[in-house]
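Paired with subunit B in one complex and with subunit C in the other, subunit A is shared by the two complexes that follow.
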Partner chain A sequence: MAHFEKAKSLNEWLDQRLAINTLNRVLAKEYWIPKDINFLWAMGMVLAITFGILLVSGIFLLMYYQPNVDLAFDSVNFTIMQEVGYGWLWRHVHAVAASVVFLIIYIHMFTGIYYGSYKKGRELIWISGMLLFVAFSAEAFSGYMLPWGQMSYWAGMVITNLFSMGSLELNGIVEWIRGDYVPAQAFLDRFFMLHVLLIPVAILALIGVHFGALRLPHVNNQNGEEIDFAVEAEKYKAGNKAASKVIAFANDFMSKDLFVVAVFLVFFFYLVFWNYGFAMDPVNFDPADGLVTPAHIYPEWYFLWSYEILRPFSKDIGLVAFAFAQVIFFLLPFLDRSPNAVPANRRGLFSIWFWAMLVDLIVLTAMGKLPPEGIYSTIGLVAALVFIALWIILPIITKLEKKL
Partner chain B sequence: MKEFIILAVVTFFSLLTYWLVEPFAHSQMHAHVESEGFAYADLPALTKEGNATRGADTFMAGGCIGCHNVQALGMETGMSAKDAASAYGVNPPDLSNAGAIYDAKFLADLIKNPAHATIVEHKFNDMRMHPMPAFYGAGGDDIDQEIADIVAYMQSIAVQAEEVTPTMAFENACGRCHAVRYTNWTQLGEMPNFKYKKDDLRFQADVLDYQDAVKAYMGKLPPDLSMYIRSRNEHFISTFIENPQSQLHGTAMPRTGVTAHSAEKVIEYMRMAGDPLVEERNETGKNVMIYMIFFVLFAYLWKRQIWKDLH
Partner chain C sequence: MGKAFGAVAGVGAVGALYAMKKSWDPLPSVKAAGFTTVDMSVCTPNKLIVEKWRGKPIFILKKTAEMVAAQNEEQTARDVIVGGEHFLIAVGLCTHLGCIPAYRENEHGFLCACHGGEFDASGIDTKAPPPSPLVIPPFKITGTTVVLGEAGPEYSKMKESGITA
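Presenting the complex of A and B:
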């Protein structure tokens, strides 16, 4: 056993046993972040806080939720929303956070794309981030099943049907996933388990990987400047903070993060109390009914773009396009052949590509919700084709890019 | 400055997406129906001045109380709601406060031609009679005068129009077909608290029998309205009450003919059932916002203090 001196303070006592001072130095005081950043760099912290809000509100909801097809709807809409003190608050917070988290994820993603933060050693940050996106999507979808409303039921029906793989008609897989011929008790039970245990655990692990992947390549900066972190850190530690190009994670970076988080929370709580309709679809306040199909079935807004890549094509082509859309973002670090890890506005054609992709995704999102009729389905088809074309030309235009 | 430009860009694309998937998409998915303010303009105007005293006699002579209770006056048909439903399809409403809950023009047309006033002529015709027989006069010279008298009589026995409560309006106009489990309302009235399980089961069996009758009459069991205040918006509910055919063409649901005031009360009842904590929500929201503004302020001051050495 190691030799332990008698500690003179609680801090020392803990340090002997947990090395808290080393941890504090490595993870906070001497974890160097570039100084040349803007508020978009705080989106990671906003996401962490939002995930925390989802976790805490979810724990409260879990105390009263009943994963049973006969009780689920009323346990949410009556027990939690009316009988439990402030149950409605936790439910609104949970539902709105689940929707807003995707807005922040998309902002976070497009920040990464714009500033080239997936290049030159940062590939794993991007890939672990995309895995988080997939995990959050699964979490959102499984959570959407739980109130057992009309949209829960029919979204569950439509999405699990995708696994029959179109003309392959692998209905056995669909039944295996549902545990029944239609979404029913077994289906609700397993999505409940996924939502409250397996996927959250996966998300926590992935967040660890995501943070870890950031450590060696360091955070990117606003100008794509290559910083010698060791030299700049010495300047900072010597007290020359103003001249140093880096800042410490805590409290320098944290204090800015916290301010951005605070502003975000004002917006968030405004939505929670006064503008929650976008996150709590009215149709889902009708109890699940396998005999009544809603007039319009559409996913939550954050899935609309990929839904619209599936929808305008015939069954099999649609599925292939859909699968393409699900995986292609993972490959971004490898499809972008340019040697430049600088903001998109300095990268010529890529700059056009970036804005075209952003606008195309917004068009797809809008068309994904609108009824697939007339002009809307034409626009949807064109936007889906543009999406695919943009990814095909990406390696070509980035290959042509001159080294800056 | 640069940060503000970035913020403006992010805000612009976020709001654009929001506008496209929410207000715009919903305007394209749902036909907009304008309210007519419960004027019932399609119904003939009342031309005669009713006389309540004469109306009392016509009311009795017309045989209204053969099917309708008037509990306020102690008139009962002696038929249970369940039996009435199996005889007529649905339990005929108690007429004690009908004069206050329903529009006078509507009542007059209803007495003369029930299927016309309730806009269910696609369902009832010469081959399949409406369960409420049309009134062909009680022996007088002028049927319109007689009807005006009956309506005047019903108004005279009812509470004042402004005294109609949410429960009164809902139970009479909606609650004989629709259950609302979040307020304990069944088509047979409020679910009592029974001491013995068998009494409870008996009551529930009666409810099921009643619902079977309504199902046969309407084609399907009218939905439980507990969460309709959130699954449909207020505008939808209001215009739907005004004329069910306007948003659900061909529906078996009859127009109920409630007054604008009663319709408001019905919506109030539905809010009570599905979204009763609006005030608590607004109050809590206000307090949270006050807290958050201080939070932003302190976070900003802390950031400034830390960053003054960094610039």
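Presenting the complex of A and C:
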């Protein structure tokens, strides 16, 4: 038995047993954030809060949802929407947050790409972030199955068919994933489990890794300046806060962070109360029917770009291109051969690459929503080829980049 | 000691993974409910009938004499002949990603709305992205009825010659 002094206060009592003062110092009071940043640095906190909103609204939906092919549709569209007090609120909050969280993820990702925040010790932040993106995608997809409407059913059919690996015709794997020949009871039950337990647990673990990977390299700043955090921290602690290039995470940075969160929440609740329609596809208000395909199947807006990379090609090439699109962002820290961790606008050709990639993804997103006919097919094909080409030239143009 | 511990843990892990894999397999009751009987004598030429077999839509199309006459050998080889009439019998899911193509009576062909794939009246793919013809399900002809899910001699012949996957 280790020796414990009698504690004089609750704080001391907890500190003896949990080292809360050390935790508070390492994670908040002496976790240094550069001053030279902007509102885009608050996206991580916006995401954390949005995830919290999804968790809380999800808990309330979970109490009335029925994971049964005969009951699921009505449990959502009648019980939750019409009978449960404020059930509509939880559903609209959950649906809007699930959509908006991807908008913020994309902003967060492209902020990282623009400022080079995936290099020089920050590789694991990028990789854990991409794993989070994959986990959120799986979470969004599995959640989309649950209302068991037409879009749920057919999205489930199309996405699970991807696992037959094209001409390899691995239908056994597809049937194994579904637990049936087509999406049915076993399928709904297992995706329900994934949505409410396994994937959220994985997301929580990954968020831990993501934050942990950030602690030693610290967040980047607007000019990619290399900061001696020990020296700047001393200035700050000596009271010379004006001369120091850093501030403490709590309460200094947190107060700014939460201000951005507050602005975001105004926008978020505006969507929840007045413009939730974009997150509720009208086709999904028809109950699932395995004998009628909706005239036009498309995923939610945040998957459109990768869907459009799948679509214009023949089946096997499309699958390879799709797989390429899914994994290639993981490799960004290694495909970018330049040592310059500075904003894209100071990186010559990379600056053009950045904007070309952003515009290309927007074009792919727009084309993915339109029917695959005529000129839209052609634009989609060109945009998909441009996407692949941009990744192929990335190592070359960054290798040629002048060292700053 | 470490190796022995690792070996025991490894055996346990493999066993657990095997059990997890089997737990996700389709249930016996799901596998058992797999036969559908169709009366072919009620079909009207050039009108598509959609039956359900193992949760999947099955296209049944009686071809008109003109359609049969205009066919090439590859197309005729896929016909199911019941009582002297030529039929298309196929799983009504696009071989690209599993949407249900729509039948266009005037064009005598199928169009998939999801990704723009097309098939002719014999289920042969005529426009990408679908990589292969519509799949012909196992069938057995008895008089003017067809049992889906059971492989008769006509089906086995098609399967062996590689006409259907």
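By definition in this document, the second predicted complex is superposed on the first by the 404 of 404 C-alpha atoms of A that agree within 3 Å, B and C clash if a C-alpha of one lies under 4 Å from a C-alpha of the other, contacts with A are read in each partner's own complex, and residues count from 1 in each chain.
Assume contacts are C-beta pairs under 8 Å (C-beta built on N, C-alpha and C of every residue); 3 or more make two chains touch, one makes a residue touch a chain.
Nothing here was measured: the structure is a model prediction, and the numbers come from that model.
A.B. asks: Have a look at where A:I127 lands relative to subunit B and subunit C in the superposition and call it first, second, both or neither.
C.D. replies: Neither partner.
A.B. asks: Just subunit B (first), just subunit C (second), both, or neither: which does A:A184 touch?
C.D. replies: Touch partner of A:A184: subunit C, not subunit B.
A.B. asks: Subunit A residues in contact: does subunit B have more, or subunit C?
C.D. replies: B
A.B. asks: Which of the two partners, first being subunit B and second being subunit C, lies in contact with A:L40: first, second, both, or neither?
C.D. replies: So A:L40 only meets subunit B here.
A.B. asks: Where does A:W176 make contact in the superposed view: on subunit B (first), on subunit C (second), on both, or on neither?
C.D. replies: second
A.B. asks: If we overlay the two complexes on their shared chain A, which of subunit B and subunit C does A:A321 touch? Say first, second, both or neither.
C.D. replies: neither
A.B. asks: Touching A:A95, do we find subunit B (first), subunit C (second), both, or neither?
C.D. replies: After superposition on chain A, A:A95 lies in contact with neither partner.
A.B. asks: In the superposed arrangement, which partner chain does A:L271 touch: subunit B (first), subunit C (second), both, or neither?
C.D. replies: Neither subunit B nor subunit C is touched by A:L271.
A.B. asks: Is A:L394 contacted by the first partner subunit B, the second partner subunit C, both or neither?
C.D. replies: neither
A.B. asks: Would you sort A:H296 into first (subunit B), second (subunit C), both or neither based on which partner it touches?
C.D. replies: It touches subunit B and subunit C both.
A.B. asks: Pick out the shared contact residues on subunit A: the ones touching subunit B in one complex and subunit C in the other.
C.D. replies: Shared contact residues on subunit A: 295-296, 371.
A.B. asks: Quick one: which bits of subunit C touch subunit A in the complex? Just the residue numbers, please.
C.D. replies: 21, 24-27, 30, 50, 52, 54-57, 95-100, 113-116, 128-132, 165
A.B. asks: For subunit A, which residues count as touching subunit C in their complex?
C.D. replies: 154, 157-158, 161-162, 166-167, 169, 175-182, 184, 186, 190, 290-297, 311, 313-316, 318, 371-373, 377
A.B. asks: What residues on subunit A touch subunit B, complex-wise?
C.D. replies: 35, 38-40, 74, 77-78, 81-82, 86, 88-89, 92, 103, 107, 241-242, 247, 251-252, 255-256, 258-259, 261-263, 265-266, 269-270, 272-274, 277-278, 280, 282-287, 295-296, 301, 304, 358, 362, 365-366, 369-371, 376
A.B. asks: If you look only at subunit B, which of its residues touch subunit A in the complex?
C.D. replies: Interface residues on subunit B, with respect to subunit A: 2-3, 6-7, 10, 13-14, 16-18, 20-22, 24-25, 28-29, 181-182, 223, 226-228, 230-233, 274, 276-277, 280-282, 284-285, 288-289, 292-293, 295-296, 299-300, 302-303, 305-307, 309-311.
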